[in-house]
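Accompanying notes for the structure given below.
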Amino acid sequence: MPTIRSNLSIPLNELSRIADDQKEVDQTKQRDSSKFRPLCVKCGVFGTQDGSGYAEFGNTRVLAQIFGPDGDGKWEDSYAKITLNLKGVEDETKLAEYRAEIISCISSVIFVQKYPGKVIDIEITVISDDGGALSTALTAVSLALAHSGIEHVGLTTSAHVVLRNDEYITDPSTSESEGVIGGVTFSFVPNLGQSTGINLYGRVPIENVKNLLEFARQKAISLVPVIHKAIVKSVDEMK
Amino acid sequence: MEVQISDDEKLFLIHGVESDLRNDGRSCEDFRPMILERGVLSGTNGSCRVQLGQTTDVLAGIKLELESFDTIAYPKPRQPIYFHVDFTANASTQFAGKGGDQYGEEVAAAFHAAYSRSLDFIPNLSKTLVAEGYRWKINMDVSILQWAGSFPDAISLAVIGALSDLEIPEVEVAPDDGGKVSVVLKRPRHGGNMRDEEVPVEMWKLDVTKCPLLLTVSKIGTANLVDCCPEEESCIRAQLLVGISQNPEEEKYDVTCVKQLGGGLLEMESVLEMIELAQKATKGIYEALAKRLKTEERRKPGHSFLL
Amino acid sequence: MSYEISGPPLISPWMMLSMSEARTDIDETKIVIPGQPVCDAPQQFMRGHGTYTRDGEIVSSLSGVVQQLNRLLMVKTIKQRYAGEVGDVVVARVVEVQSKRWKCDVTSRLHANLPLGSVLLPGGDFRRKDVEDEEKMSEFLKKGELICAEVQQVQHDGTLMLHTRNNKYGKLQQGIMIKVPPHLIKKSKKHFHTLPYGMAVIIGCNGNVWVTPSLPETTVEEDGSHITEFQKVPQDVRLAMIRVAACIRLLRDYSIAIFLNSLTTCYEMSQPYDIKELSEQDTSSRLAYLIAARLMQEFSSQN
Amino acid sequence: MITGTIVAPGDKVLDRVGQYRLGNGLYEANKRIYSSIAGYVNIYTFKDKSDNLVQVIEVRRSTDPRENELLPYVGAVVTAKVMAVGLRFAKCDIIAIGDKVYKKRFSALLPKKKLRPLEPELSEPFKNFVRTNDYILAKVCEDVGIKDKFVLSIAEDELGVVLCRGKFGEAMKKVDWNTVISTRTGKTEPRKMAKVPQNCVLFNDDSSAMETDA
């Protein structure tokens, strides 16, 4: 596969250049509501040794980079501090919301006690947002974490599902999630079966919350093999 | 705020919580005594002060603003409430200078998420859309005076208190030249010698009985509990911020926002248990709040600061 | 499942008590505010703490009570940071582990020092303090742990030197700690009280009151680690401890002096009420009024 | 789990601890052993003090140790810059391990007793060994007294100062293993120079820019 030796070393054919508006055209054929949009994930994007990850769900593309535990004069506590720099989200409140959500997810996954007094910097760039930016970002960060070699509980998968008049839709784009009752971004550690982050919005009647979360959990589980394959491939390339 | 307690004290506290008896005698589902007082700030259109257990102290104030907006850009009616939360330095030293801003933004974002569908809960909120391209904008400013645990609960009480205290003037819309519209305060026709300005303007109030309530449910050991004091907060494994509101049509409850914070892992069933607990707590608080808002006496603003 | 949202109290807790005649020990004339002349004949008196001379007159620089000690005039403020004296029993929290000592927070102006030399080390008291002990210091006492100690010496700048060279001092295990303004602690010889309700209280002079299932008999094991038993505190002992903790908080809110007698009367009087109610406004004010009256009556009957 | 199988973080490596001893890269959760990094499973045996065979299982990202460790580990040879010289310690900042350069540097201490092999307390002042702003090649070693900072040592011959500058910022040339000469003033200064193998010339005289054409 011809790869351009730029700082972005994604093989050419994976960067399938489909113009965004052209994408709307084949949107009309009704996508099966339990399928994800065409997704491409890559663990270890840049040549550099630090952890980096890229995730693309339909037209939502997010790039994540983790700069490994680094010395920092001011921070002496007995655990590592995690700083996050989130770029590419226009809406101010969405930016603050996503930042809180991502930091909480990551600090529940990384063994912070193993890097006392160190700082872990995370850079996330949302290249384009067509719905589900938070769950794509969480997937990208999970890949970057696997590539960076920082010890953590395990790979996390996250899915964004919506409820539209008692029909569940997986991974909707912004056009598909018009007039939706509610939705949830659910991120989840498959090997321990525990959730690391939940972000539910909209107005969901209380009895539907249970099966909405259950549906999201199933979808997150269905993503595990894809992420696992991407990580194993990156370990191969490391040799 | 970081309260230093030793591992033995934590162990004692965790054992207590798991046997449903906390260090101050409360059970897991009890709230600390709450003090709510409206009309505290005279310079605002609506204000409220909430004290949770004589420690957490929150002040919410509303300023109204007549905003003109481009109808093409925003065809659909948007919810007019804008939140801004700031942590005063005396709440805790870590908020001096720019310390509290990032945290304040995150809390404000959580409230935006919870109130994103407020047009459905508050029936007469759509009345704030005054005319084509003009609407009332409700700027909600919350400042945390004292920090001692579970402040999202105190904020949501203060927000509902302030909204219930809010008086919005009635307006008349007179078409003007060039497609513009002039908005005039509606004054009841008054004979007699009163000059036009002194005639009191008619005001209308929002019906806030169905507003969402944001509660933090925390997990310590195997027990879920609400309203944690600082000592308990230092032993928390994971926290869930749950926004619940009453369904306007039937006697049901809707979940408007769930956020997992505090960096912990949660089993699926404990997530559902915590939402269940939050719903029970919300029901109780709604009743207490409704009772409180009815018995509000008129007292000059700032009285509670004199105590 | 109690949710109780009330309006602000009509008058604040401590005001309520001072209106009653229970408060007679301070006569009004002696209270001064900064800038107020302290006495009329400045020549005969010496100037003490809290006062300064302004064009020949002794003027107070603090708000508090004037105290006269034969010819020395000084102003003593009511709410003051804890100033330690030798022999005081204090409850302190370790803030920092340094090379040869622990820095502990005793809510006074400066952190107190607990030198490695004045701590009961494992294997009796006669071992020479060698380098190996310095490394294992954080094993004895970690950051954030609570200790009960006695003030050995007060240095010139006010820092206290503590020591725990006694079986009843040392690391505190499970229990509840309540912070109280130090001026509420009544001077008394005994600080360790085992209450008949199956638990014990340590009233530190520095305003930290520690409620614990049993007094810390620090039986230091041979292998050097304090015996750390992690078994659960039985439910009835826990109930008693939490009730006493609630009583202490009530006494603190209504600024009633804290000593063994006031604790036991408060505990007995609070029996009919649920623990939760003790922190609520109306029950606690009624209870505080009764306790103050009872204490005043006992006090006047004694002398 | 045979050695060499590729593992993603969170994969189950062992059902129960069994006779293995856990190396790094693994963690235990509800009695099962999971891997905490992506890499290869590796089982090696070594004799411990009471010389019975102990099998250790670990997950490694690659054979070269430098790739595995993110932080300076004991025994790693690092390049560091001497920031300040005290009486008993020299404060240094670790800049890089091999070619992995750290963005924000780690602070480390170079104790006086680690300047020359086998003499514990030596009388010579620090000046004869290292001075501020010198770049040194040092080995990270274990020191009981200091817990939070890394401890460096330049006791061996191939460790020591690699590049130093004179008073006017001019480059200093190495004369022999313990003296350097200033290229402008010709003054000689004592330094403990590192015996760097010949194939990488430190720097050439004319340009003061430092390029190691190893």
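First chain written, first letter: the chains are A, B, C and D, and each begins at residue 1.
Please note the rule applied: a contact is a pair of C-beta atoms (placed from the backbone, for glycine too) under 8 Å apart; a residue touches a chain by one contact, two chains touch by 3 or more.
According to UniProt, the chain labels map to these proteins: A = RNase_PH domain-containing protein; B = Ribosomal RNA-processing protein 42; C = Ribosomal RNA-processing protein 4; D = Exosome complex component Csl4.
Given the structure is predicted, the values throughout are model-derived calculations rather than measurements.
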{"item": "Fewest hops from subunit A to subunit C - one hop per pair of touching chains", "value": "2"}
{"item": "Remotest chain, subunit B as reference, centres from CA atoms", "value": "D"}
{"item": "Geometric centre distance via CA averages, subunit D-subunit B, whole Å", "value": "54"}
{"item": "Centre-of-Cα separation between subunit D and subunit C, whole angstrom", "value": "51"}
{"item": "Averaged-CA centre spacing for the pair subunit D and subunit A, given as whole angstrom", "value": "36"}
{"item": "Averaged-CA centre spacing for the pair subunit B and subunit A, given as whole angstrom", "value": "31"}
{"item": "Residues within subunit B bordering two or more other chains", "value": "none"}
{"item": "Subunit A-facing residues of subunit B, complex", "value": "102, 105-106, 108-110, 112-113, 116-117, 120, 238, 240, 244-245, 247, 252-268, 271-272, 275, 279"}
{"item": "Subunit D residues within the subunit A interface of the complex", "value": "6, 8-12, 24-25, 27, 29-30, 34, 36-40, 61-62, 67-68, 70-71, 93-94, 100, 102-107, 148"}
{"item": "For the subunit A and subunit D complex, residues of the former touching the latter", "value": "43, 49, 67-73, 76, 111, 115-119, 121, 145-155, 189-192, 227-228, 231-232, 234-236, 238-239"}
{"item": "Subunit C to subunit B touching residues, read off their complex", "value": "1-9, 11-12, 15, 93, 95, 142-146, 172-177, 228, 230, 232-233, 235, 238-239, 242-243, 245-246, 249, 253, 274-276, 278-281"}
{"item": "Sites on subunit B touched by subunit C in the complex", "value": "4-9, 11-12, 15-16, 19, 21-27, 29-37, 51, 53-54, 157, 280-281, 284-285, 287-289, 291-292, 295-297, 303-304, 307"}
